[in-house]
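Given below, in the form of C-alpha cells, are the structures.
After this come two complexes, each holding chain A, first together with chain B and then together with chain C.
== the complex of A and B ==
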C-alpha cells in the first residue's frame, strides 16, 4: 500500500512538527517491549535513524516502500533487523520496534482532532504494516544465513582426523553421517594418511547414533579407498545395540577389523606393529 | 496384520529432503523412548525408520510418515506408516531380496528393515505408490 503525495506530506509534517516527542515516545514503547536488553542510547539512535529515513522519503512526495526513492528507508530497516537477528532477539521483538510507531502516530492524531485523522491513520498504518513485514523478512533472511554459516562450520568442526600414535590416525565420527559429511571425512582421512604416512587408520563410530545401510556404505567406501592407498582401517566404537542392528540389517564388514572401543582398536594396531612386544622386550632387559 | 489400538494423536512428518530423514529419525527415537522400548529396540526401530524414510525419499520421490503409539492390550508399541505416491514396486519379492538394489545402495534397506521390526506390511502397485507399515512392540 503506497501513500499518496498529500498523505505522505501530512506524515512528514506530523513527524517533523513533533520531532522530539515522537522519538521520545517511540523509544519508550520499544524499550518496554525489549525489557532493557538494549541500551536506551542505542535504541534512541536506531529510532532517530528510522525517523529521519521516513521523514526524508515522505517529504519527496508519494511514498511506496517498493520504490527506488525508499531504498534508504529499506536499508535502515534491513540494518535494524539484521542487528536484532544477530543479537538474538525474536522476530516479534524486532517487528515491534517498527509497529510502535503506530501507537505514537495514533496519540498524535488524537491530540490534533483533524477531520482526516481516521483516514490518515489507516493509510499510515498500512505503510507501517508493510515496513514491519519488511523487517520480518530481513530478519528471517539474516537468521537463515546464520544457520547456513553454522551448518558449514559444523561440517568443518565435526570431522577432525587425529594422530593417535606414530603411524596411527583416528577419525572420531559424531552425529549423523550424511553424504556430504561422509565425503568430507573421506577426503580428510585420505589426505592425512598421505601427509603423515600412516599405515593405520581407526574410524570410531561411538558418536554415531544409528548405523543404517547408507552410513555403513559410506564407511565401507572410505575403508576401501584407504586400502587402495595402502592403509589398513579398523572400525571401533561398535556398541551392543549397534552390533545387533547391523546383524539384523545383514550388513557385512567382511575382513575389516572391528572393535568395541577405541582403546581396543589402538591395542590391536599396536600389537600388529609390534610396539607392545618391543616394549615388553626392553622391560625384560632392564 | 494387527495394528493395535491407537493411543494419542499420531505425529506426521513430510519427507522431501535428507534433512527430513534426520527429523524422522529424531521423531521415532522420541516416541520409542516414550513407549519405553529397550535401547536395542530403539536403535533397531530408528535404523529401520531411517531405511524406509530414505526409500520413500529416493524411490518414492518423497512422501509422508506418521508415527503413533499403539497398544494391543498386552504391550505397547510404536507404529510407523510411510506413504508415497511414487512409481510403486513392480516386483516385491525381488525388492525384498537381500542385495538387490536399483539405486546403487547395499540392497539391504527394505529387507533389513523387515528384520528390524516386529510387524511389517507393504502395499504397493505399479504407479499407485507404496505404503509401508511397521510396528515394534515393547518387551
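== the complex of A and C ==
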C-alpha cells in the first residue's frame, strides 16, 4: 500500500501549498465528530502535529507506513490513539481523527481539477486507511494494558484475610474466583496461618456469585493445603441457590465442615476450641 | 554422613530436619528414632520440617514410614511447620501425606499429642481395663 515517490511528492505538495486550509478544515471535521469533548485548540495542535509528520515523511520520497522513515509518523499516530483511549473515547472517535484527512484531500483535489486526481485520491486514500488501522491497533493495545492493570489492582484489593478470634482467621471471598485469584487467596491464607499460628480458617463465599466445579476445585485445594500444614478450614456463606448448584453438579466436599453463615462457622470453631459464650443477664430483667 | 538430631522434651521426641534428606540419612533417621522411642518410652514424635524447601514423594514416603514405625511403637507422630509453598506444591502434585497428623508449629504439635494422649486414656478408661497394649520390649 506504499505511495510511490511521485505520489508522495504530490501529497506533500498538496498539503504544504494549502497548509492553513488543510489544518483548518481537518480540525473542523474532527471537532464535529467529537461533539466538543476536546477543545478546538487541543485538536488543532494534534492535527498540526500529524500534518507535519505526514509532510516530513512524504517529502523524503516514497512513503510506506511500515518503513524505518515513517517511524515518527507512527509515533505521532500511536500517541494520538493512546491519548484518546485513556480519555475514554471510542475506537470510531479515535479513527475519525485520521480518516477526516480523506475528506480534506478530496476537497483539495476537486478544486485543483488535475487529470491524475482520481488515481492520486485512491493512492492517498489507501495510505490513510492504513494509518487508520494502525491507530485502531494502538488504541486496542492501550485499552488492553489498561484492563490488565485494573485486573491486577483488583487482585490486590480483593483478598483480605481477617482475624476473627484468637486462633481463627477468615477470608471473605468477593467476586468471581478464577485460577489467578484462587492462587493469590490460597497463598495469602496459608501465609497468614503461619504468621499468626491460627489452627482454624473460615472461607466465606457469601460474595461469590456462582460456584461451578472449577471454583469448588480451587476451594478444595486450599482446604487440603491448609490441612497439610495442620490447620482446619470451614466453608461458610453458602446461599440456598449455591447449595442446590453444588448438589446438582455433584461436587463432594467430603469431611470438610460447611456452614450456612459466617456466624455459624465461628460458633462451630469456638465450640471445637472449647470457648463458651453466654449472654449476660439483662439488668432490666434483674 | 549427616545425621538428624533427635531431642527429647518431656514425653516427646523432637526431630528437626535441617538438611536435605538422602536415602541413607532417611534410613539412619528411621533406625535412630525407633531406638530412641524404645529407649525413652516416649509417646509422641514431633517432626519439624520448617527448614525444608522441597517436599517430594521421597520425603513424603519417609514421613509416612516414620509415622507407621512410631505407631507400632505406640507413639503419635505429628509433622509441623510445613511451608505454604510446600503445601501448595503437594496439593498440585496430588500427593497427600496419608496417616500423618499435621500442626502449624512445634508448640501446637506438642499440644496435639498431649490432647491425643488424653483422649486415648479417656477411651481406655471407658473400655476394658486390659484393652491397652504397649509395644515395649
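The rule is simple: the second predicted complex is superposed on the first by the 258 of 286 C-alpha atoms of A that agree within 3 Å, B and C clash if a C-alpha of one lies under 4 Å from a C-alpha of the other, contacts with A are read in each partner's own complex, and residues count from 1 in each chain.
Just so it is clear, contacts are C-beta pairs under 8 Å (C-beta built on N, C-alpha and C of every residue); 3 or more make two chains touch, one makes a residue touch a chain.
Just so you know, these numbers come straight off a predicted model, no measurement behind them.
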* In the overlay, answer first, second, both or neither for which of chain B and chain C A:53 touches. => neither
* Go through the superposed model and pick first if A:275 touches only chain B, second if only chain C, both, or neither. => neither
* Could you look at A:106 and tell me whether it touches chain B, chain C, both or neither (first, second, both, neither)? => neither
* Name the contact category of A:197: first (chain B only), second (chain C only), both, or neither. => second
* To do: Determine, under the contact definition given at the top, whether A:242 touches first (chain B), second (chain C), both, or neither.
  => first
* Residue by residue on chain A, keep only those touching chain B in one complex and chain C in the other, then list them. => none
* Which of the residues in chain C end up touching chain A in this complex? -> 78-80, 82-88, 90-92, 96-97, 101-105, 107-109, 112
* Which of the residues in chain B end up touching chain A in this complex? -> 18, 22, 25, 29, 39-40, 42-44, 46-47, 50-51, 54, 98, 105-106, 108-109, 111-113, 115-116
* chain C partner contacts - residues on chain A that touch it in the complex -> 186-187, 190-191, 193-194, 197-199, 221, 224-231
* Could you pull out which chain A residues touch chain B in their complex? => 176, 178-179, 209-214, 216-217, 240-242, 244-245, 248-251
